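Both complexes shown next keep chain A, but they swap its partner, so chain B is in the first and chain C is in the second.
What follows is the complex of A and B.
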């Protein structure tokens, strides 16, 4: 799954879905994940990158990213790769 | 080098009631001023002495009262003839559903006088009426919720047997209530009957996200279409804030609508987007919506384009607009001397 192509994100963590007008705010880690998604990284690659970058248990990082991905999916911000 | 002098144009606009359930007039006037195409003189046409636009003298140069739609076409034509003798009007933009019938009826006579309008035909106007909307959708291949026109409260159970609950109970002209039980439907029937008369429309409930499209047709094709989602809704169901959307399905729908119907003039499509993405047309308003100024912000000045079309100029269809452009409405207290109010009330002109 990847971020829908037209989703707008900003450095401040503001997310805008131009298809339905929904907007959201994320924390800095959420913002980082969104930027990595925009760069084309998969959730697996993002997990590895964040585990290396942050001083946290890999299982905790993975769970947080899974939760975040679920939230993105629930808000209709993700699409399946063709 | 001397700058080219702008052409003088006198444009008359109704719908100056910029209240909590606003008419589109003030927004239309702001759009016309923003276009900077003409040396404009804006004539307000009002029905009541407390319509705020009457007193917005920085954008409305003078205002005349006109007879209520119920007075008929002769009274309207007579009053417009008097106003025209003083103002030499180029274009009239009517903005109320209830007055459109009369303006369409006298359109040819206005043209003979040199006053241009750009309105749908009477057939188009009546075909999209909420009483005929389902048949209209069927004819042109649009998704429209099923409905039933009823004249008696005893007819509600048969409608509910067909559509189930919840269902939508709608007034002839305005207002709608979602009813979850027979009792709620009956209560809504009485309320709407008392306010707007019969018949009442009972409509299948379609759940989803409400979106609106402001569009302009030139009689053959769609010149402009701007989709918007309401972000803040008043207790009267009116948008107090909204945002432009990127939604090719809605643009295509507006294009198809203009082409299929040969729509001439401004309009608003009220659409319910179901969870699986199907766009149901809930209503077709045969004039610009009150949020029409957002089309200027989005880069497609629909009122200015309508004036050009009314004057016989050709207008190329717009192709781009700004997505994520928002409007946020506000209220503003105008301070007015009683003499002005008296002038409008007593003489019907200010």
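What follows is the complex of A and C.
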């Protein structure tokens, strides 16, 4: 799963979808995930990166990333995958 | 390298719709202590969920209410409404402050006696008084508040057998301009039923009519309704004096004063909409004082305030069991407490605070309880920090009715503790165990064995 190419993100956590005008805000960990997605990392790689950086159990991070991905999908921020 | 503090990722859609100019503050400031007792330590010692009562807040509420009435009226007596919270430790805080007991069943009556309340300082209300309860109340010289004619005739019958003359009052219902009118309790004022009851009592030599009682509703937001109620009771007392040349010794305006909880559907929070106890006191006492009683014949003013005295002295500490995302994308948080412990969540939007530090990022969420039951919803929509499994929360203003109306459904009822005036924590009701329930069950012999 990848972030749609035209989604604009900022370091402060502001997210804008120019296709429909929706805007969002993310917390720092959410901002970091979007940044890493834009870098082309997979969710699994992102999980490893977060586990290395943050004081959290891998299982917790994995669950949270899955949940975050579901939210991104719900907001139409991810590329369509057939 | 030291790892950074983790907070689960969140994304929130920004809506540029209409702003609510009364926008409420999101609860992300942690509540770490109840009075001076640490929340985390209480949970460590007594488990989760756990109810916490603040003795300091109870005494403060009582003293404030007493001041509000006593500075306006010379003779005031409060009676603690047992049904609001009849944990004995809570009752005894009120009794230590000088409150009598107001009970509505034989069970509550005996509880008050067990708490050491003298019989003549117990007000016995309610529509369900069994013969043995009435006999006990007569023997103890309690104040029996008659609810209906069947009870009145039954009481006369018992008094004839016992050859006793108990002190009684009648409960009067009336139109005070509020809806719904509580006409299911007592005798109606407007139809003349209350006056008929008075005449019946006076026509028999078996009862001594000493008081008039009304209880016009619950969570009353109108002070003027109490002024109307007081005026109508005064009217009855005045005409009683004219006809029988006797004084009514007390007027009991009952309870019904609201706490500062927020009713579901309210636009503004309870703290901003609820009249203060002083405003209720002003409405009631001004009406009685201006009615025209001689100074030496002013009736004692009794009050049975429950909710307003104890609601904000109760807290429920709980723990997040899980967070999940619903099919429409909403966040759902499942707590280890639900409507089984918080009956009042059916009509209040209870304030919930986190018990540990969070960032300022929040999520709109629905808060569910742990019951395997669809109606177990604590808050339909609330903005809270990014809670995770294992985080603790504090639910505010749960001191009234929850510890009497709680349900033993699926799980056992938890510990209840009280934080005393020196911030020491005392267990005042231990958590129930399986054995507590099992000891009441009886197994027919033929069902004792089975083969699976």
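What we mean here is this: the second predicted complex is superposed on the first by the 79 of 82 C-alpha atoms of A that agree within 3 Å, B and C clash if a C-alpha of one lies under 4 Å from a C-alpha of the other, contacts with A are read in each partner's own complex, and residues count from 1 in each chain.
The rule we apply is simple: a contact is a pair of C-beta atoms (placed from the backbone, for glycine too) under 8 Å apart; a residue touches a chain by one contact, two chains touch by 3 or more.
Predicted, not measured: the structure shown is a model, and the values here were computed from it.
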Three-chain arrangement built on chain A, chain B and chain C clash or fit: fit
Partner chain in contact with A:42 - chain B first, chain C second, else both or neither: neither
First (chain B), second (chain C), both or neither touched by A:6: first
With chain A as the corner point, what is the angle to chain B and chain C based on their C-alpha centres after superposing, as a multiple of 10 degrees? 90
Would you sort A:76 into first (chain B), second (chain C), both or neither based on which partner it touches? neither
Would you mind checking which one, chain B or chain C, touches more residues on chain A? C
For A:19, using the defined touch cut-off, is the partner it touches chain B, chain C, both, or neither? Pick first, second, both or neither. first
Looking at the overlay, what does A:67 touch: chain B (first), chain C (second), both, or neither? second
On the overlay, how many Å separate the closest CA atoms of chain B and chain C? 5
Taking the stated contact definition, name every residue in chain A that is touched by chain B in one complex and by chain C in the other, in rising order. none
Touch list for chain A against partner chain B, complex: 6, 8, 16, 18-21
Flag every residue of chain B that touches chain A in the complex, lowest number first. 209, 211, 229, 231, 242-243, 245-247, 273, 323-324
Which residues of chain C touch chain A in their complex? 3-14, 323-325, 329, 359, 361, 386, 388
Show which residues of chain A lie in contact with chain C when the two form their complex. 15, 22-30, 32-33, 50, 53-56, 60-61, 64-65, 67-68, 70-72, 74-75
